[in-house]
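Presented sequentially are two complexes of chain A, the first with chain B as partner and the second with chain C.
Our next item is the complex of A and B:
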């Protein structure tokens, strides 16, 4: 990997890592006695660790120019491995917090293992760690193929990937220390937020620069979705995280917004994170990998354009449905509700477009678990967008809000749609990247598929039941006009569903572990073959030369 | 400048609506414009090419 960088790129990487290490040291020194200090050590160790990796390959010979006539896939390969690692971490923490709800004693009386600290490790681990790495890895692949151009340079994709993972690591370790700005899905504090902005600007510029080199006249629709993901996440992240740190050596900061404005900004961010992180980016994935795998073009390209603009335009206004029956002005709630209902049109247009693409390829869906992952993802996308529009309607929300129904809805989207399309895309992508005919074991892909589907269904049904029971118990009055059930009664009623939910999550986690093993064995088979090729009776190659498929 | 609640409501109910309608018309016209048909057709089929190397002049 390092040997593919030019010597000047390696030196530049060392300079950047050196600067990063100094930032870490400054945080560690300045933040003594504050969680900032520990966060500084995390940054320092991370930077020094990668500096060792770069130094190990610093004196390798310059890569030859023939690399420029190929796509640059090394960052995608590393991104895929990171995606699978974060899947296991994020989903593992998910099973842990689910178990905590069923058996609260599992906190072991330790502050770091309390629900409030572990839960954001789960949410950030799966959304940013798993989802984000998958988006970065696949976006580099799709961008190059659809533009028929190599990435604009070799340094910035690494900066984006490694820098982004630093953000994830700082965030997750911070949560365990108790660092949070208490905004859902935007918990990381100001220093992590600033770092993410830097990484994201480099990502955006890399995308634009590569698109400018494209050899195709039209920009393929998948790139529109990836671009919307990058651009809008930048806007959301910057605005929602506007805050004033207590001091440069303290982790704590205070938001620039307060009261209902704070809530509105947070849920404008929160819902658009669902829209542009968990939907737009993954639709980009779907619009490339599904037609590729099915061997059929998208059913309607026009429809994909109309639904793209529908999704980007309408989602922007939907966030306020998270604040029904609050101090938020009534008309703003109604606005959010109306746009959420209208969103069903472009959402179903996308889901329908995906399923219609498979028309004529259903025999492949039956035989090929990879394509089936993508098909199920499209079905769950359709289901959860319908559910979302429905739950955004104010009277429905009066039943569903604050209950497990919301949790079930989120997981129908996250497990059924986001994770399924990601695993399908990864199973399609891994053999292409490592130049294999197929995955190491198609049977294990099949096992993963059924574990994932069973896990999702168990999870979602448990939460639907739990949520609706909870909602009904909270609004049942007795003849005297007072509440029939206490809060603790509803909690007791939840218990069996919490156990079922933890079990569903466990199935899903088991699938992710099976998938990780399969991906790893495919990579290993590719390496073994390359090593075997090296023993053949051929002239010696200089160390670090390009191996076919690298 | 203080932005009054009523001003925002009035804006969203008038210009906001026109913006939404105008925007969607533009998108539909672009998507259905006969001249774009060929570009879209090429875009949707060209991703299925098996060729896996960049094309044309590279830096």
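Our next item is the complex of A and C:
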């Protein structure tokens, strides 16, 4: 990896890592007695660790200039490995917190093992660790292939990937130390947020610069979505995290917003994180890997256009449906509800466009678990967007809100859509990246598919049942007009579903582990072969000539 | 994009747009009419909602909607209506004497339904969902009252002001730390523990012979009787428990009783007057008053 960087790029990397290490040292020294200090050591160790990696390859010979006529896939390869590592970490923590709900004594009386600290490790681990790395890795791949251009430079992809993972590591370790902004899906504190802004601006510039070099007259749909993902997440992240630190040596900060404005900003962020991180980005993934794997043209270009603009325009208004029947003014709730309902149309248009693309390739869906992952993802995308619009209707929300139904809805989207499209894309991408005919074991892909599908269904059905029972119990009255059930009654009713949910999550985690082994064995086979010199005489690929197969 | 530039797709017969990205093409399929229909239907739904409900922000105000509704007034009205509906029986609970309410089985059925939910939501964290208590928390079904005569009025007062709480009128009691504060030495504590345990007929611990129990009687009379009474029957004005019955708030084995005498005790119950309405407090008092020991 390092040997593909020029010597001056390696030196520049060392300078950046040195600056980062100094930041970490300053945090560790200045933040003594505060969680900031421990966070500083995390940064320091991370930076020094990567500095050793760079130094180990510092004196390798300069890379051949011919590399510039090929796509730059090293960051994508590392990104895929990181995606699988974060999948196992994030989903593992998910099973852990699900078990905590079923068996609350599992905290071992340790503060770091309490639900409130582990839960964000799970959510950030899967959304940012697993989802974010998958988006970065695939976006680099899709961007180059659909632009027929190499990434604009060699340093910034690494800065984006490694910098982004530093954010994830600082966030997760901070949660265990009790560091949080208490904003859902925006828990990391100010120093991590500032770092992510820097990383994200570099990501945005890299994407734009590469697009500007494209050899294609038109920008492919997938890139619209990736661009929307990068641009809007930057806006959301910056606005929602505006905060004043207590001091430069303290982890704690106070939001610039307060009261209902804070709630509205948070859920404008939260809902659009679902829209632009978990939907737009992964639609970009789907628009490349699904037609590629199916060998079919996109069903309708026009449908792509209205879906894209419908989704980007309508989602922005929908966040207030998270605050129905709260102190938020009624008019904001009505706006959020109506835009959420209209949002269903472009969402289903996208899902329909994806499924109709498979016309003429359904026999492949039957035989190929990789393509089936993507097909099921599109189905779950349609299901969860319908459910989301439905739950945004105020009277429906009065039953569903604060119940496990919300949790079930989120996981129909997160497991069924986000994770399935990611695994499908990774199974398509890994053999291309490591120059293999297929995955190490297509049978294991099949095993993973059924584990993932079974896990999702068990999970979602358990939470639907639990949530609706819970919601109904909370609103059941005695003859005398008083509440029929206490809160503990509803907990007792939910317990069997909590066990079922933990089991469903365990199945899904097992699938991710099977997938990780399969990916690893595929990479290993490629390396063994390379070591044996079996593909030493593969012809070099001029950039323009690479067309089919990836 | 309407002009044909690409080649026809063999499966659908439709033309492609003529663009190609690393092998991916797009078809010139027109947008299905169904999409426009649903777009129109969803927009219509939205417009109807916008007309009916408060929706669009204006400069200083917002559109009010023709229904003239607003969530704050709606919820206020619903709460008032529900309270009015309940007043058919809640008015009687508040107006009649607790004894009269307790004597009316039809009324007590409603009180107990409401009381159970209130109890489990507010009291069960300490007293347990079946009100049987636990270590340090009294069993409310045992009728072994620490304060007052066990009447609904006395229970209501305890709920309202709490025990050793932050309320100014709180019921206050404390058992001294006889051992830790050096009032009694270990030998005397052992003696008084043996004596107290003998009062309720517990099996004597190792070494609790007649002489020790007899020595304990004197220790008790000198140190404990002022609160617990000569007969050790307790004092419900001071919150001092009856030591002759089978109820043991902090455990009945010799070690637990020793710990109690050595380190003292001071139980705590929050005052609920600021949190529960007078009606809910009365319902809880009647409910607790009517509790009976659950079948084992």
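In this section, the second predicted complex is superposed on the first by the 533 of 550 C-alpha atoms of A that agree within 3 Å, B and C clash if a C-alpha of one lies under 4 Å from a C-alpha of the other, contacts with A are read in each partner's own complex, and residues count from 1 in each chain.
To be clear about the criterion, a residue touches a chain if its C-beta (ideal position, glycine included) is under 8 Å from a C-beta of that chain, and two chains touch if they have at least 3 such contacts.
Quick caveat: nothing in here was measured; it's all calculated off a predicted structure.
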Clash or fit: chain B and chain C on chain A? clash
Should A:344 be classified as contacting the first partner (chain B), the second (chain C), both, or neither? second
Which of the two, chain B or chain C, is in touch with more residues of chain A? C
Applying the touch criterion given at the start, work out whether A:116 contacts chain B, chain C, both or neither, answering first, second, both or neither. neither
Chain B versus chain C as contact partner of A:309, first or second or both or neither: first
Check whether A:148 is in contact with chain B, with chain C, with both or with neither, and answer first, second, both or neither. both
Taking the superposition on A as described, I'd like to know which of chain B and chain C A:479 touches: first, second, both or neither. second
By the touch definition at the top of the document, which applies to A:70: first (chain B), second (chain C), both, or neither? first
Which partner chains sit in contact with A:325 here, chain B, chain C, both or neither? Use first/second/both/neither. second
Regarding the shared-chain residue A:335, is it in contact with chain B (first), chain C (second), both, or neither? both
Can A:218 be said to touch chain B (first), chain C (second), both, or neither? both
Going by the overlay, flag which of 24-32, 150-158 or 204-212 in chain C ends up clashing with chain B. 24-32
Would you mind listing the overlap between the chain B footprint and the chain C footprint on chain A? 145-146, 148, 216-218, 220-221, 288, 291-292, 296-298, 301-303, 306, 329, 331, 335
Parts of chain A lying in touch with chain B, wherever the complex brings them together: 68-71, 144-146, 148-150, 152, 213, 215-218, 220-221, 288, 291-292, 295-298, 301-303, 305-306, 309-310, 313, 329, 331, 335, 432
Hey, which residues of chain C end up touching chain A in the complex? 1, 9, 11-12, 16-17, 19, 21-32, 35, 38-39, 42-43, 45-46, 49-50, 53-57, 62-63, 65, 69-72, 75, 82, 85-86, 89, 110, 113-114, 116-121, 124, 129
Chain A touches which residues of chain B in the complex? 5, 9, 12, 20, 23-24, 27-28, 30-32, 39-48, 52-56, 58-59
Parts of chain A lying in touch with chain C, wherever the complex brings them together: 145-146, 148, 216-218, 220-221, 288, 291-292, 296-304, 306, 325, 329-331, 333-335, 337-339, 341-342, 344-345, 348-349, 352, 356, 359-360, 478-489, 546-550
